[in-house]
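Down below is the structure, laid out as structure tokens.
Chain lettering (A, B, C and D) follows the sequence in which the chains are written, and residue indices restart at 1 in each chain.
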Amino acid sequence: MRGMFQPCFAIMLADIRSALRYPGDILSGLSFFIMITTLVPLGLGSDQGELARIAPAIIWIAVMLASLPQMDRLFTRHAKNGVLEQMLVSPAPMAMLMLAKILTAWVIIILPLVLAAPVLGLMFGLPFHMLAGVLGFLAMGGLCLVLIGAMAAALSLGSRQSGIFTAIIVLPLSMPVLIFGVAGISAIQTDHAMAGASTGASTGASTGHMMLLGALTLVLLVLSPPVTAAAIRFSEE
Amino acid sequence: MMMFDYLANPTRFRKITTAILPVAVLVSAIALAFGLYLAFLASPADYQQGETVRIMYIHVPAAWMAMMCYLLMALSAVFYLVWRHPLADIGARAMALPGAGFALITLLTGSFWGRPMWGTWWVWDARLTSMLILFFLYLGYMALADGFERAERGSKPASLLLLVGVINLPIIKFSVDWWNTLHQGSSVLRLDGPSIDPAMLKPLLIMALAMLGWFIAITILRMNTLIMRRRITNLESRKSWS
Amino acid sequence: MVMSHFFTMGGYAFYVWSSWAIGMAILIAITWHSISHARITRNELDALEHPKQQRDSDA
Amino acid sequence: MTPSPIHHPSVQSDTGNRLRIDDLAMMRGGMSLIEALHLRLDAGQLMFLRGANGSGKTTFLRGLARLIPITQGQFAINGIINTADQSALMRQIILIGHRNAGLEHLNVTDSLRLMASLMDMDISQQQIIAALDHMGITALAHRQMNQLSAGQQRRVALSRLVLAAPQTHRLWLIDEPFNALDDAAISQLCDLITTYCHHGGTAIISGHGHMPLRPDATLTLGTKPQGVVT
């Protein structure tokens, strides 16, 4: 089945090449992310306990705000120059091509933010040994956000103000991601505190949140590529 | 499908719906009068919640309607996407505003109920959050459906959004059973029969009937408006061609 | 039920009556919106379909 | 890339028509553009699709590529009918639309390689150079797509045709290829099409006005009744 995967790899390669040739998008998303997460502590004052408490929420909101504008542009250039049309007349299944594009978007849009998050976590007073869990949540929740964002971007393709529509569609669908994500990172903090107090095994409250987020990711992995593909087909009709 | 084909003829559609419309209005008016009497005069105060239980008679039927309306819209979306029937699209578009209205009523009256009972206007529990998502989905649908230069261009993406949002419905329904939340569990639609007092169930059902009648009447009215709107667009484009 | 009790709702009057007022207001607003839109659209369509009659009735 | 008769046993067994259209109807924006169209094209034939702007040329070509739903009738490309599996049908055709499908941020070679991958082809660097050479743009191989002129970008798009041999891609659908091309490119393209048809390929080329090639058939859209003049 060369016909299935070769075009997918080609799309991944092309998107990563494009992103590296013009890293402006990545850098602007990254600087936006850092700006939000540094401005909030500045505004709130330097109470470390308070900062650590709200850190999960701030990091998640920053991830959403930084990734949304980039998600919105995911297909616009391809739509304008006819690459989407060529994807549709390709023998490869459109949903597979879209999955390839979504996974690449995760690498380009989310991964830099995930890699930047530890620095910010330390600024917020998150202990270093908690970072692995935080990164796990950000990586998996970020995949959810990209899967949702791709659907939203495809659905609003060609509308009058696609940016606003993408946001309107993303907002309700990504609320569960935000809730599980924030609760998960908070739970890591609680687990850590409990483990420290009783010197026993961690209570593992974060594991439950991680599993819920994982289930959500699986549902979206199945749902998003075909919906995105169908939406793009409609936009090209 | 047969029904859609039969109703597809616009004059026939108008004929049938104009026959239904006064019936729906009448049923709604009678049920509302009876429901108000039951809700305020003929039903007891709850032994725990006191008189605030009377909020339930608008809150719960509105929540049912909000969910039923979304389900109907999603079914219309399936009809539209599979059989490309314009009437299904018009139906979904017509139901969106009343559906959003029901969702908003549910949220606001719930808030006015939660304040005296839980001591807070709003909590981020699963039931409330999923209802809020439903409201946002209605808004998103309306924005997307009308968000394109050509009105019909928005129909397909908006229908697709409806289908994606369907996963929210079971979450609303079962959120009170799956998660330990502040919101009370379901007491009407249960496998082992309703656990609610019949004196409270009756006004609940009568109010739901009143809202259903209103919903049918409004949907018919809005569908006819949308059909006329499409006719206007067609006539105008024909004029500009000739 | 005593009349005063009906209005005070056992001390919860504000919450109970606000809920019903808001609910009814939303339903009435949607009804009004739908009817006015139907009327505007009908007039517009009539003007397009029977331009002559429209002029006669205007005169 | 070798032809793969194993995958499509119906290819040779059918009536033999490369393209068969029966009672086709298409609508666009509430307007009927194509009605009751019957058409037969055989291997090696070239059809000119002509008509004024808005007459439905692009709609017709995109309909054959299954980008736009047809309202009535059916068609078969190389014996594979339009309701068949998407990938089987798409394997038969190549569509060059109005848009060049170039990736602005890539260089010509990489952009062309992605397009070849989407066409389900494994191509070597030599094949890419040969394709660019055929359209006279070898010198541009490592230039960025967004630095090229409109005509050069069009040539890159058309160089995809060099990769699509008649044994693998049996029907070319080319939408107004002669626009934005200079005389040299037009003659290069004409050579390409002639060679393709000579080796058993079938092509439909749209345009308004003069056609520099001698088509085997002409379909004129926008005037009713529609018919094919052979």
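In the analysis below, a contact is a pair of C-beta atoms (placed from the backbone, for glycine too) under 8 Å apart; a residue touches a chain by one contact, two chains touch by 3 or more.
The structure displayed is predicted, hence computed values, not measured ones.
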| item | value |
| --- | --- |
| Of A-B and B-D, whichever chain pair has more C-beta contact pairs | A-B |
| Between chain A and chain B, centroid-to-centroid distance (C-alpha), Å | 32 |
| Separation of chain A from chain C, taking each centre as the mean of its C-alpha atoms, in whole Å | 44 |
| Whole-Å separation of chain centres (CA-atom averages), chain B against chain D | 48 |
| Separation of mean Cα positions, chain D and chain C [Å, integer] | 57 |
| Multi-chain contact sites of chain D, meaning residues that touch two or more partners | 69 |
| Touching chain combinations (by label order) | A-B, A-D, B-C, B-D |
| Interface residues, chain B side, partner chain C - complex | 40-41, 45, 50-52, 54-55, 58-59, 62, 97-98, 101, 104-105, 108-109, 112-113, 115-116, 211, 214, 218, 221-222, 224-225, 228-229, 231-232, 235-236 |
| Chain B-facing residues of chain C, complex | 1, 6, 9-12, 15-16, 18-20, 22-23, 26-27, 29-31, 33-35, 37-38, 41-42, 44-45, 48-49 |
| Complex contact set, residues of chain A against chain D | 2-3, 6-7, 9-11, 13-14, 17-18, 21-22, 77, 80-83, 85-93, 97, 233, 236-237 |
| Residues of chain D that touch chain B when the two form their complex | 29-30, 69 |
| Parts of chain B lying in touch with chain D, wherever the complex brings them together | 84, 150, 234, 237 |
